[in-house]
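Two complexes, one shared chain (subunit A), two partners (subunit B, subunit C).
So, the complex of A and B:
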């Protein structure tokens, strides 16, 4: 498309302004994480200073946020793995078999994206509590409990994203493998999965971001043993005094993996964020 | 998996053949079944459970649970705080969705007019979507801090005295909406831009040859062809704005004087601060009905345009 110079300059001006508005709070905030305590709250802000890692040391070790980091990792990785184990075969089933109600089921899966977390979070809390009182069986404040709960938003997303990757593959691939004597499972395992592998990785990483950033269900369901990093971030903001340097150290620990993954995933991002509705 | 009842089958074919046929006809359940069972357990069962709880008077403290019928729903609908938080939520939805839509759409139109630096600009613009909403909220708390926030420092340079933007009812509501827009207009941008990239070129070329103005090209070609993409963007933004919790929770926690209390926040408080589990359950079912209605209407429009499933 040939664009007149005037229009192009206008486009650059607006877009750069938008990018600056994104970057200012992110960069300025992140800088605070490297500031020594005396200049956390200096106004006007100090832009040049000797960076220090003492805030990270303080939050991870003194405040023991490494435990939250560990919980976040266990819960995010665990819930993504379970969502993949259940979701990848289901996606394959939806992609390859037409059966009565298959279309309706897929639509139902999209509709799960619309459910507000409070609608499932509330009964989960009560269910875990009543279960524990009745049987002594505890899912409350366990990693497994949260991993199960996270399937409410991860599993439908995995199925939708992976279905998109399976549909793109010709069915002839497995069929010829099955002619050569593979069972369908064998063909899926040996022939199809190696080809959709990049799609599985992208799906896993994107779902990891969602589980990693999750706050609401963790707030309701996590306790001392399972509290995650986003919950730890909230503890640095108490009405009387906010420990900005420490807060931004935790914020940065939450953001780092996500930013790296975003750079890797930028092409698949739309698919995941729109739930594959646009295909 | 389906287990055929062998004894009920009339003779004729060998049993193993019949079993084989049955498993062949239902083999999709082998793949889909496990995921479906888990989804029923983690989504449908909780909603059924919640509906059940809403018909009784259940608290975390007491073990007696008398049946009260629809009383909890009545109480909820007659509760001023519930109505106030519903109003706040609708305010939030209307302004956050329209704001993020206009900015995102504008950015998508603009980025198609440039070539150099497009990838890096796009990457910067999508940073907010990938941040945890709670991190975004905490970050803007710092930006808006009345004593040493960047916003007030900047206002000070312009000669405007320090403002407690999050503590005043008139501005707090606007601030949380602006922060929500800041985080989510890139989502609209990303979706619309992806949609534009798939549009065919031919209609544009012939329109240009015939000297049609850019505005008419936009109205008559771009907008109609983008309809499904626009609907998806609006649908996702609407349901996300409707259930907002994280950003508001850390920025204002519903205050001042409930002016920023969203439905999610109010129901959370009803259950966990005021220990009224049943009433919160009734409220959450009402919320589910409303969001179901809104998304069903948008879906109807959407299905006219694209094939899903």
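So, the complex of A and C:
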């Protein structure tokens, strides 16, 4: 599509204005992460200084936040993988087969997505406690516990998003593969999944962001062994004092993977989020 | 291979699919059979049951004497071409055609040889390296044909493969499918709602409506001897002139079909059928091509006025009003009349069709054929 130059300039002007508005606090905060402690909260703020990595060194090594980083990675990647492995086939099933109650089930799934985490936090804790007492199976303060809990929110998202992609595809695509000598699973794997791959990438990224940023459930269900980066960030806000430099250092560590992933995957992401709209 | 359908049923309860009410059908080895009918008649459901994409609620399907009713699609040795181009967009033309061969774990050299051979057969050997974005609709359907052929199936199933193409390509590919059928000698089952396509392609035409087979016959048979009013009306463009009338038999034995304002004498060949009728209500029909324009009154001639003329090229389709009835009449373009002109129509008894108004069955059917 060719857009006239004047319109393009106008569009970019609006986008840049919006980006500046959004980015000012992010940039200001991120700069603080590189400031030495004495100028963290100097007034007026100092814009030019010799950057230092001492805040990062402090949070990652002295305060051992690299452990939280590790926990966050394990839990987020684990959650996304399980959600995809369970959710993608489920979404395909919902897209291709109508069975008794399938419509109601889909609506129930989307309703799960509407529940604020605070509603399920305590019940999950109670459930874990009960499970532990009844069977000795401990899920509190384990990676698996959080990964399973997150499925409440990730699975509906995966199923709803992926179902949309599958519905867009003509059934004839896998049906012809089935006539040509493949099982339905084989056809799904070899024909359908390569086509909806951008959709899977987009879905995975959105889910990763949810799990990566999640704070409340982690606060209730994680413990010393499993506490995640957002929780570590919380430890720099203590009583009357906020350790701005350290807080922003952790913030930057939290933001980086999401930013980097989005940049790397932006082509698939755009393709995935606009699936079926263009072309 | 011979395909036999026995009491095949798909009922209304199965959502999304059109019902099929227990059909029986035999398609001979090497035949090109066309399932013809309006949308929702069950023709595609029938084809999908043969492919194994739809499970019948009851009945059996045999290919070459082998009961395949419970086999998975992949084990039926059939190939299918779909209406919407069911290409694999992540693969290029070559890989699309090779795809079915990977399923049987053929070695690379053999795959390469087969793909190129089949591509030559459908004239796409110069397109093999292209991505699917670079091929047109007609070429895409050739790729689909090649992909269907590559495994040398026992039966080809085609679900309206030409209906998404423009008119010219459609005719061109139709010829190629016919040629392909002759070259391979394989059994083809072709589904279409386009009766012209059915006529030009089929060795055998199976006319379906509302989940039932209406008639099985050669193109000639379904056109000239329709079994019932539905077939008479559905086959042929422009469609047959059909009007309800009542029967009048004189003591001399002469028979007439009476319509509001005029009546026409019926030929002797309907006598046997008419004697069996319980009522006097009939549906009378004649094809637009069979009506003659004549200069003056005579036997079986009625006066009318031209109301509308459609040019069809070398011929014109005129709509002529006779009393309350509008008749479609096909005439040579040179003999065409202007709108508003008066004329006389002659109905030749040899071209008349007559159906029982209650059963809608042709009165030319003999007693035992009725049950078929």
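Following the convention adopted for this analysis, the second predicted complex is superposed on the first by the 235 of 279 C-alpha atoms of A that agree within 3 Å, B and C clash if a C-alpha of one lies under 4 Å from a C-alpha of the other, contacts with A are read in each partner's own complex, and residues count from 1 in each chain.
In the analysis below, a residue touches a chain if its C-beta (ideal position, glycine included) is under 8 Å from a C-beta of that chain, and two chains touch if they have at least 3 such contacts.
None of these values were measured; they are calculated from a predicted model.
Within the superposed three-chain model, A:181 lies in touch with subunit C and out of touch with subunit B [touch as defined at top]. Contacts of A:14 after superposition: subunit B is touched, whereas subunit C is not reached. In the superposition on chain A, contact is made by A:172 with subunit C only, not with subunit B.
In the superposition on chain A, A:213 makes contact with subunit B only, not with subunit C. Touch criterion met: A:195 reaches subunit C, while subunit B stays clear of it.
Looking at the shared chain after the overlay, A:50 reaches neither subunit B nor subunit C. Of the two partners, subunit B and subunit C, it is B that touches more residues of subunit A.
Partner subunit A is touched in their complex by these residues of subunit B: 27-32, 34-36, 38-39, 42-43, 46-47, 49-50, 53, 58, 60, 103, 106-107, 110-114, 117, 121-135, 138-143, 145, 147-150, 152-153, 182, 186-187, 190-191, 194-195, 228-229, 232, 236, 239, 242-243, 245-246, 250, 263-264, 267-268, 271-272, 277, 280-281, 284-285, 287-288, 291-292, 295, 299, 302, 306, 308-309.
Interface residues of subunit A, counted against subunit C in their complex, comprise 98, 170, 172-173, 175-183, 186, 190-191, 194-195. Across the complex, subunit A is touched by residues 15-16, 51-53, 72-74, 76, 78-80, 82-84, 86-90, 99-100, 103-104, 144, 147, 151, 157 of subunit C.
The touching residues of subunit A, counted against subunit B in their complex, run 1, 3, 7-8, 10-12, 14-16, 18-19, 21-26, 28-29, 32, 41-45, 86-87, 89-90, 92-94, 96-97, 99, 102-107, 109-120, 122-127, 129, 148-149, 151-152, 155-156, 159, 184, 209, 212-216, 220, 230, 233-234, 237, 242, 244, 247-248, 251, 254-255, 258-259, 261-263, 266, 269-270, 273-275, 277-278.
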